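Quick one: the structure is below, questions incoming.
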Amino acid sequence: MAHRVDHSPEKTRPRWRQALGDLIFGLETPAARLYDKVLIVLIVASVIAVMLESVSGLSAPMRATLRWTEWAFTLLFTLDYLGRLLGARRPLHYARSFYGLVDLVTILPSYLSLLLPGSQYLLVVRALRLLRMFRVFKLARYTDQANLLGEALTASRERITVFFISVLTLVIVFGTLLYLIEGPENGFTSIPTSIYWAIVTVTTVGYGDISPKTGAGKFLASLAMLLGYAIIAVPTGIVTVGLQEAKEARQGRLCPGCGLGKHDPDATFCKRCGASLPSQSSP
Amino acid sequence: MAHRVDHSPEKTRPRWRQALGDLIFGLETPAARLYDKVLIVLIVASVIAVMLESVSGLSAPMRATLRWTEWAFTLLFTLDYLGRLLGARRPLHYARSFYGLVDLVTILPSYLSLLLPGSQYLLVVRALRLLRMFRVFKLARYTDQANLLGEALTASRERITVFFISVLTLVIVFGTLLYLIEGPENGFTSIPTSIYWAIVTVTTVGYGDISPKTGAGKFLASLAMLLGYAIIAVPTGIVTVGLQEAKEARQGRLCPGCGLGKHDPDATFCKRCGASLPSQSSP
Amino acid sequence: MAHRVDHSPEKTRPRWRQALGDLIFGLETPAARLYDKVLIVLIVASVIAVMLESVSGLSAPMRATLRWTEWAFTLLFTLDYLGRLLGARRPLHYARSFYGLVDLVTILPSYLSLLLPGSQYLLVVRALRLLRMFRVFKLARYTDQANLLGEALTASRERITVFFISVLTLVIVFGTLLYLIEGPENGFTSIPTSIYWAIVTVTTVGYGDISPKTGAGKFLASLAMLLGYAIIAVPTGIVTVGLQEAKEARQGRLCPGCGLGKHDPDATFCKRCGASLPSQSSP
Amino acid sequence: MAHRVDHSPEKTRPRWRQALGDLIFGLETPAARLYDKVLIVLIVASVIAVMLESVSGLSAPMRATLRWTEWAFTLLFTLDYLGRLLGARRPLHYARSFYGLVDLVTILPSYLSLLLPGSQYLLVVRALRLLRMFRVFKLARYTDQANLLGEALTASRERITVFFISVLTLVIVFGTLLYLIEGPENGFTSIPTSIYWAIVTVTTVGYGDISPKTGAGKFLASLAMLLGYAIIAVPTGIVTVGLQEAKEARQGRLCPGCGLGKHDPDATFCKRCGASLPSQSSP
């Protein structure tokens, strides 16, 4: 609805900027799809380049090539950013949106490295480039499914919070107990370290860098493992039920009487006002 | 229902204690919510302080600061406990409740450390402070969701017991087998140690402090891993189905028109025949 | 039905054997429940005794005590076995049943150790004692839930087989690939060892006794991990759906027309013959 | 439907080739089932032989035996392949099908080893033999269940893609962060290596070959573990819901009386209004 309202400012945007916007933001024309596909290839390639740069045993020419590629990517992404600013119906709205900020933040590091030495600390920011992959997935049905997963997680938000508080409590109690039982001589040097061990154990990661040595410690660790093993069932149940809820919420037929949108697939009458519902189209 | 009965003793409680009770136990006034939020910050901060105290490389001033903070927290939690005793409609009922005991138990360690040296053994008790976090979560919709999870686990109680007995049997059988096959020279020094290894393996933790060396041992270990990997599906299925049952049990009103038993919590009319449903008692 | 048929041989069984059978096999009288509870305590205690016997650092008196306890348990379990033979309505039927064989097998090792030296190799058989725990759980609602889980697994039998064949194929392919890439110098000494590594990895156990060293090996191992991580979702989905199916199969109302037993909770007419179904009692 | 069309070329196929085709491709006659069972035993045996050949400590006679067995298997599988070519209704169609190519590819390595030395590099191809196991499972109800699982995964394809992109993003961000925090001196030698560590951690494999040493590294690793632990719930929920969808999609016939769309595969009459349902097309 809200999108139809601002039709009037649309007239003031020149033709070529409209065409540019359709190319970059569009999803339906073949040219727009090609643009998105080229962009995704560039993003993946630039991420691989950033990763390779950190490998120590690289030859000098290889390193020079990577540096040039880096600048080529930066140039292309800068052009993409400018194009989005010019082509957007409301440039400021785009610049302040989540993806607008990501686009800006991912081209800045290269320019900053001209001013500042020690650019390697900007590596983290470069990794953010990958976040753009999600945008590119707007291209297809993927955002729809990403939204469904997001809705399922949102619907389960409170249950997940309760779950995490329970896990944290468990991990703190077990970590403290093993710090007292095993002590610094067996690797449990402090309570935070012991809690780190408890997280490693309860999540079933199990590095083995710290492990209980005494009988009582092993017994308690076994308890923590069995609990962690069973507890993993809880978020699974939560997400499964949340996903079903999110799917059902989408199957919404609207009640002609009161406008309520969430009805069970087998409902014939509105559960709020009792009006007869339209028959359901087959799924 | 039971809450409405004891209206008469209410008259005997003075005004200021009623106001104190509304502040501390209340959930609806802005002041009561602020009180809960401040309390949760204090609880988290005190838990972090207890954890930091165990880190070995702390400087003397840092250690002194922590000790003072500890006493400040103890004082504040003591005031909170006294306030709850005075503000509660039935003080004795609060003092003997689960949270009342937790509140008492979490302020005692500091006072005990004045009498007894070697207070570090009270660390475990201090960790119990975190349990109070659940109480603070009464503040919001979280207890409702915690209750739903609790109902799901309660509904699945017997299945979970059966699951745990099966896992224990499996772990004892595999532990004994590997003790016989690998023997003490490969780290399987006794049956309890071997069972500890089997738990580490079946729960997919896998520290690697003990691992099979012989071919037969590796073959049996592979079997145990595959079983453990598949078995994790069982508690997950149990909790998912239990969560659905708990949700449905909350929806159980019968339609007076057609007898249909499964209605959403927000339904006013039957979705099958359109008859008016009985109003729902609050969950 | 079948149980009512053999009423006539019942007459030939003397009174005291009927009373003995009611005590040992019964589930309803207080005495029968007490018997079951005492038995479960004895079974757990005897398993702990067997486990402790393998611990190396035991003192001589402790070892002697354990030996005496062992004989006491053997005597009690022998009496229980004889009692079951005498009290059973059809002794031969009991002796050849699964639990009858377990009961026999768990008392033999001690007697065999009189004849044979090196009785420690009978330890495995002793561990079978724990299997009896399931029988004791007949005492309560637990067998019912164990049966439901069993039905769920039976209903999912074919899907689980397909899942295991897929996992085995995956594990053999990845094991062989890493044997070729990493080779014996990095711990992948043979294809069976590599497959053992692949099982350790795909099941997310991850001991770390063998791990890839080369870049290509790490890349393939990452793929195997991500696959194993995602694949675990499959048995979970299978068991969840199987558990729901098993539960629904139990909700069975019988069709008065054709006797079909499996109807959906919202069904009004038989799906096979179209006859009207009895209305459902609330769950 | 499509299978009935090419009846006319059938006439040109001689009798004995029809009989051969019924034996090898058939599923219903006792002879055809026996053929399939013998084939599955041969496939499993040949895979075990290939695996044993790589074990280093084998004696010379054992090695010779394995080589002879290998040739016996190759001969039998070659006969099977020729039989399939002759017995197939459309030989070229079989030769170009997935299983036709697998059958060819799994007999070539042995012949190639006559021409080329260093045949051990063909080991991977030999492992493909196991893929044929799926074909053999055509023998029973297993392909039907494999198809159902395949349909569930297909229905969840987009959600699984979204899930994997999220996990990859997470793993790259955490890997880069730990590379910056821990650095090469703690084993995080490059970003690809750090990402390998992040995959090992998030998937809860946890080898322990690389693990964080600094406090900040351990804190971030704990976050990654907890996220990985919770995230595993997502594919599980996806597959469970996908499996239910696939099952329901198989049930989709509309009732001509009341329009209800969800009927069990074995239903003949509508469960709501009792009207006769259209007969179901084979799945």
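By letter and in written order, the chains are A, B, C and D; residue numbering begins at 1 in each of them.
As a convention for this text, a residue touches a chain if its C-beta (ideal position, glycine included) is under 8 Å from a C-beta of that chain, and two chains touch if they have at least 3 such contacts.
These are the chains along with the protein names UniProt gives them: A, B, C, D = Ion transporter.
These numbers come from a predicted model, not from an experiment.
Colleague: Among the chains, which is located farthest from chain C (Ion transporter) on the basis of C-alpha centroids?
Modeller: Chain A.
Colleague: Quick check on chain C (Ion transporter) against chain D (Ion transporter): do more than half of the interface residue numbers occur in both copies, making it same, or fewer, making it different?
Modeller: On the two sides of the chain D (Ion transporter) and chain C (Ion transporter) interface, the residue numbers are mostly different, under half being shared.
Colleague: Sharing over half of the contact pairs with B-C by residue number is what counts; pick that pair out of C-D, A-C or B-D.
Modeller: Repeated interface of B-C: C-D.
Colleague: Which whole number of Å gives the spacing of the CA centres of chain A (Ion transporter) and chain C (Ion transporter)?
Modeller: About 41 Å separates the centre of chain A (Ion transporter) from that of chain C (Ion transporter).
Colleague: So, what's the distance in Å between the C-alpha centres of chain D (Ion transporter) and chain A (Ion transporter)?
Modeller: Measuring from centre to centre gives 30 Å for this pair.
Colleague: Would you pick out the residues of chain D (Ion transporter) that each touch at least 2 other chains?
Modeller: Within chain D (Ion transporter), residues 163, 192, 195, 204-208, 232, 236, 238, 240 contact more than one other chain.
Colleague: Provide the residue numbers of chain D (Ion transporter) that touch chain C (Ion transporter) in the complex, in ascending order.
Modeller: 47, 50-56, 121, 123-124, 126-128, 130-131, 133-134, 137, 140-142, 144-146, 148-149, 152, 160, 163-164, 167, 192-193, 195-196, 199-200, 202-209, 232, 235-236, 238-240, 242-244, 247, 263-264, 266-276
Colleague: Within the complex, which stretch of chain B (Ion transporter) touches chain C (Ion transporter)?
Modeller: It is residues 158-159, 161-163, 165, 168-169, 172-173, 176-177, 179-180, 184, 189-192, 195, 201, 204-208, 211, 215, 218-219, 221-222, 225-226, 228-230, 232-234, 236-238, 240-241, 252, 254, 259-262 of chain B (Ion transporter) that touch chain C (Ion transporter).
Colleague: Using the touch definition up top, name the residues of chain D (Ion transporter) that touch chain B (Ion transporter) in the complex.
Modeller: Touch residues, chain D (Ion transporter) against chain B (Ion transporter): 204-208, 236, 240.
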